[in-house]
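Two complexes, one shared chain (subunit A), two partners (subunit B, subunit C).
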Partner chain A sequence: MKRTRSFNEVLLAVENISLSFGGVKALSDISFDIAKGEIRAIIGPNGAGKSSMLNCINGFYHPQQGAITYKGVRRSQMRPHEAAEQGIARTFQNIALFRGMSTLDNIMTGRNLRMKTGLFWQALHVGPAAREEIEHRRAVEKIIDFLEIQHIRKVPVGQLPYGLQKRVELGRALAAQPELLLLDEPMAGMNIEEKQDMCRFVLDVNDEFGTTICLIEHDMGVVMDISDRVVVLDYGKKIGDGAPDEIKGNQAVIDAYLGVSH
Partner chain B sequence: MLYREAGQFKTTYGADQQIFPILQDRLFVLAVIAAAVLVVPLFATQYLYTEILIPFLILSLAAIGLNILVGYCGQVSLGTGGFMAVGAYAAYNLGLRVPELNNLVIVFLFGGLMSAAVGILFGLPSLRIKGFYLAVATLASQFFLDWLFARVKWLTNYTPSGSVAVGETSAFGWKIDTPAERYLFILAFVVVATVVAKNLVRGHIGRSWMAIRDMDIAAEIIGFRPLRTKLSAFAVSSFFIGIAGAMWGFLRLGSWEPLAFDINRSFQILFMVIIGGLGSLLGSFLGAAFIVLTPILLNQMPGWLGVGMSTALISHLEFMVFGAMIIFFLIVEPHGLARLWSIAKEKLRLWPFPH
Partner chain C sequence: MLGPFLETLIGGLLTGVLYSLVALGFVLIFKASGVFNFAQGAMVLFAALTLARLTGEIDGREVHLANFVIAAAILGTALAFVGWYAWREYMARGGGPAERNRMAVLAVVGAVIGGAVAWFYGKGSWPLWVALPATAAIMGVLAYAIERLVLRHLVNQEGIILFMATLGIAYFLDGFGQTLWGSDIYKIDLGLPKAPIFLFEDVFPGGLLVEPGDLVAALIAGLLVVVLAIFFQKTRIGRALRAVADDHAAAQSVGIPLNTIWLIVWTVSGFVALAAGVIWGAKLGVQFSISLIALKALPVLILGGFTSVPGAIVGGLIIGAGEKLSEVFLAPILVRQFDLAGGGIENWFAYMLALIFLLFRPQGLFGERIIERV
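== the complex of A and B ==
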């Protein structure tokens, strides 16, 4: 039942990343890579630096040391819109949707980097502007169908229940047609059915669109089931890296989660 | 039962994305515009034009401009009066110094463009400061512009009192001097400007403004550039406000001094936007109507009811009742009159059933 897949090409590699806020070391000397096409999980206890790691990858935090190599280009840091332009999209731990806008508009914002018409045509809303709007609407409708959220297309997202908001946020990230999708706790706070749905979407995105996925998740059942490789952080340090089965048997990981007597 | 959208199926995305997807809404708006063009001139008096319709339309346009900035992009501004002044003085100076271009359409657009440029300049701090602090920063622009037009005599053509007067007002050979002509000219301008504003807010530029308003960090992460987005909102907003300012000077006042665009004007427009509904173009019109019409109604009411009252008492009552109404509306519906209107429409769609 568990798929074993092998990957050759490295899409993103972080090398010796260190990040500190004042005297607090959030990440120290972390290195790992994400292969093209895989589902990579980052796990670890609370405060281990998982979200900080994602924030470094998409340029929201700038690590003091280390380098990030993405698609063969080595950078000491990313910038947010540069990451977006290079095909990195993400969702957030606590939902970061645009609450005043409808589901449709939220997902449309995911395509902003592809919409080019200027102020003049936008003001008239004819010609290129109208064509562009319809062309992107068509792409967005595919995502709406894929995520099965047709019925809430025109509902302001602020009124939606939590599970659906998570789904809309995934839709917004998918609308950018990313090569690398970062998911920060996509299943947090969900019930079992919602988790199953979300797992299905993550696997389908990976299978159908070939999107590489890096996800942070606390539900070990989910992580061990869907991810190809797992990296484990604890107190900003990497304590394990490997296939789910190796991680399950890793003594350092077990100690980090269950505690150890000193 | 008339307000039903059943049976109106959309088969293309274009049809689904039009401004008024429901047929009845389209007919209603066309009827309102037709009535404003054809029916109003049949009975309107000079008083109705100069004291009610013209101020209502011009201030609606200013409110649309401010609503783009505050309601759609979330950047609070108290500099509206100053930007109106820029539009008015820029239009005045172009007409004065380049007589060949003394055409209302051209000078108004020039006023709008100058105002947009000044808006971009004063929008720069918005990258670093937010919310109330930005409001205070824009207040500085209001005071600076007040000072500029009072002190730099070239801008007022060295008139001793600092008050300027416009000469002939015409557009493409059409001499616009009777109140009815002014009204129709302003109406045409406002209708076009409203369509432009609607097109902008429903397209990707409008979505970028709303994204910045709702969650600026997420907006940046998915690729919007905060500075460019905010400055485009300042520019478009100031453009509309500048045109409204030029209209106010040319077609409402005829001659004015810097006091016409002081801080009170800024507050008045901001109240229109808040009471009408943040992030709603219809709200801009409703807010302007409320602020322009209610004091006049309250002032006339005792006379109509045959209650004998002193003028002083009437004007005191006017302030008290007006203030109470503002508080009442804000408590009943903090999202403004536009939300009340959409709730009413929702009820009408279901009528006679409760849900």
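== the complex of A and C ==
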């Protein structure tokens, strides 16, 4: 499958981001943008700063320099729950699910921000709160159908196999109806079949809901197939940015992956 | 034989209710932040002390005016805040905008009301209906201070570090309570009938003796459990609490503000501490040994499971009943058969039971199974 699509509107722009932990520079002077509606991949060897980049975008890390413009608003930092409020959802490299809770409850937490009834009604669990709960349950059931995980609805996620946990995590992120979905290695540790399923879900989310997706992935076949544009990081620096075909022919990228001495 | 047995059992169960109430506070915080809050016992003491001093059973000793002024201001502000929140909620429903400065206005109004109350009842003795909400408000402020000054700076830290922090809070609260209210033994008077009730006088000779205060305690505990269970299992906030307990980062990523959740949990467990403090104080008087009941809550938690609200209740009841029964019925057997001095069983029974549980069922009766991927 090869897709050539064009996008005009910039949803998120990263400008000259630098991040360091003590003396270690995780990111230096990174700039790129994510267009509304595209699938944007971030690739690079281990330790290149890919996850750090995602963590900056959703507010877990605060870069020392640079700014992020999201939906036209420029900011130097924000807190994770504020990012979530503004429509940024994510999954994690090492699955971060609520292990003691069922699949259903996990995905319901994703609806958390969409629930409006106040503390008072919540505490009583009657009236508007109960009605709202039903409404959100309906939305969650749709996601469960979409991801084909009906059979594990009530199972505590700690007991699920790895591939399914990844799927539940995607479901939780989708439940927030995000505008920008950050996926940190959604296919790591999966077998071929699970990878194909996950690819299909990512593409469907992008097509059907129009969600912009930014993903980190190591499987080059997957990246080249599904993404519209790719940004390549190595040792915290950007070494390539462009359509999959351009990246494939980029000498710096090839060197980084094959380990040519710098 | 059956009569005395039942009487001991009931007495034990009612003491167990008190253990349960303290354990409940632990469970709440553990569920929501994975922290064993060593300060729970100190919070019980602090709540009881505050209430005792505000209701002021004063035999000649003066209570310092500053205390009343502060308590009144806090009560007033809390009232204002609740009013502001209700108003905002109401406006949000009607689609009207919520403005921040309304909060300030209402806070001032509330503080004035609070001040008036303090002045009016400024003779060093407040009626219970003023003192109880005031104490609740103070526990809320305390929760806010703990969150703001301690926990906020320890987000994503190891559990042991948070535990050490609560250890510090515990000792601070013990001392701070003394600084504010003095270190004498106080009494809380709930105005309950003192005369014991005799049940089933037809069935057993002399009937079964029950204290009315204990019955009230049992009622309150039961009510708390039902409310908290619904709150945790069924509501959005409950789900958010459980989410935070499982994974800080993931919870933040779905938009759960960690700080707010911690504030809610500490406030609620502060209220539970207040309930425990009131009942305990009414039964035994308010003294510093109350903060040691935290240690009695430990075996209760091991029995019931650290994460289970019903577990805290059942665990408390089993230990309460178990230690009384063993003291009354096991001790004489030891004396008769082995020629021992007997006695003292009450002191170690709970811990021995907990030890046995740790060996055979470490997750407790109701706790979540511990499944670990190796």
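Simple rule for what comes next: the second predicted complex is superposed on the first by the 257 of 262 C-alpha atoms of A that agree within 3 Å, B and C clash if a C-alpha of one lies under 4 Å from a C-alpha of the other, contacts with A are read in each partner's own complex, and residues count from 1 in each chain.
The criterion applied here is as follows: a residue touches a chain if its C-beta (ideal position, glycine included) is under 8 Å from a C-beta of that chain, and two chains touch if they have at least 3 such contacts.
Just so it is clear, the model here is predicted, and its values are computed rather than measured.
A.B. asks: Based on the shared subunit A superposition, would you classify subunit B and subunit C as clashing or fitting together?
C.D. replies: Aligned on subunit A, subunit B and subunit C clash with each other.
A.B. asks: Quick one: is A:H81 in contact with subunit B, with subunit C, with both, or with neither? Answer first, second, both or neither.
C.D. replies: Touch status of A:H81: both partners.
A.B. asks: Check whether A:R172 is in contact with subunit B, with subunit C, with both or with neither, and answer first, second, both or neither.
C.D. replies: both
A.B. asks: For A:R90, is the partner it touches subunit B (first), subunit C (second), both, or none of the two (neither)?
C.D. replies: both
A.B. asks: Between subunit B (first) and subunit C (second), which, if any, makes contact with A:N112: first, second, both or neither?
C.D. replies: In the superposed model, A:N112 contacts both subunit B and subunit C.
A.B. asks: Looking at A:R137 after the superposition, I want to know if it touches subunit B, subunit C, both of them or none. Which is it: first, second, both, neither?
C.D. replies: After superposition on chain A, A:R137 lies in contact with subunit B alone.
A.B. asks: With the two complexes superposed on chain A, say which partner A:Q159 touches: subunit B (first), subunit C (second), both, or neither.
C.D. replies: A:Q159: touches subunit C, not subunit B.
A.B. asks: Please report the subunit A residues shared by its interface with subunit B and its interface with subunit C.
C.D. replies: In the superposed arrangement, which is not itself an observed complex, subunit A uses residues 58, 60, 80-81, 84-85, 89-90, 92, 96-101, 105, 108-110, 112-113, 115, 117, 119, 122-123, 125, 129, 133, 172-173, 176 for both subunit B and subunit C.
A.B. asks: Which bits of subunit A are touching subunit C when the two form their complex?
C.D. replies: 58, 60, 79-81, 84-85, 89-90, 92, 96-101, 105, 108-110, 112-113, 115-120, 122-123, 125, 129, 133, 158-159, 172-173, 176
A.B. asks: In the complex of these two chains, what residues of subunit B are touching subunit A?
C.D. replies: The touching residues are 12-14, 17, 196, 199-200, 202-205, 207-208, 210-211, 213-215, 217-225, 232, 236, 279.
A.B. asks: Touching subunit B in the complex: which residues of subunit A?
C.D. replies: 58, 60, 80-81, 83-85, 89-90, 92, 96-101, 105, 108-113, 115, 117, 119, 122-125, 129-130, 132-134, 137-138, 141, 172-173, 176
A.B. asks: Using the touch rule from the top, collect the residues of subunit C that touch subunit A in their complex.
C.D. replies: Per the stated touch rule, the residues are 85-86, 89, 92, 230-231, 234-237, 239-240, 242-243, 245-247, 249-258, 307, 368, 371.
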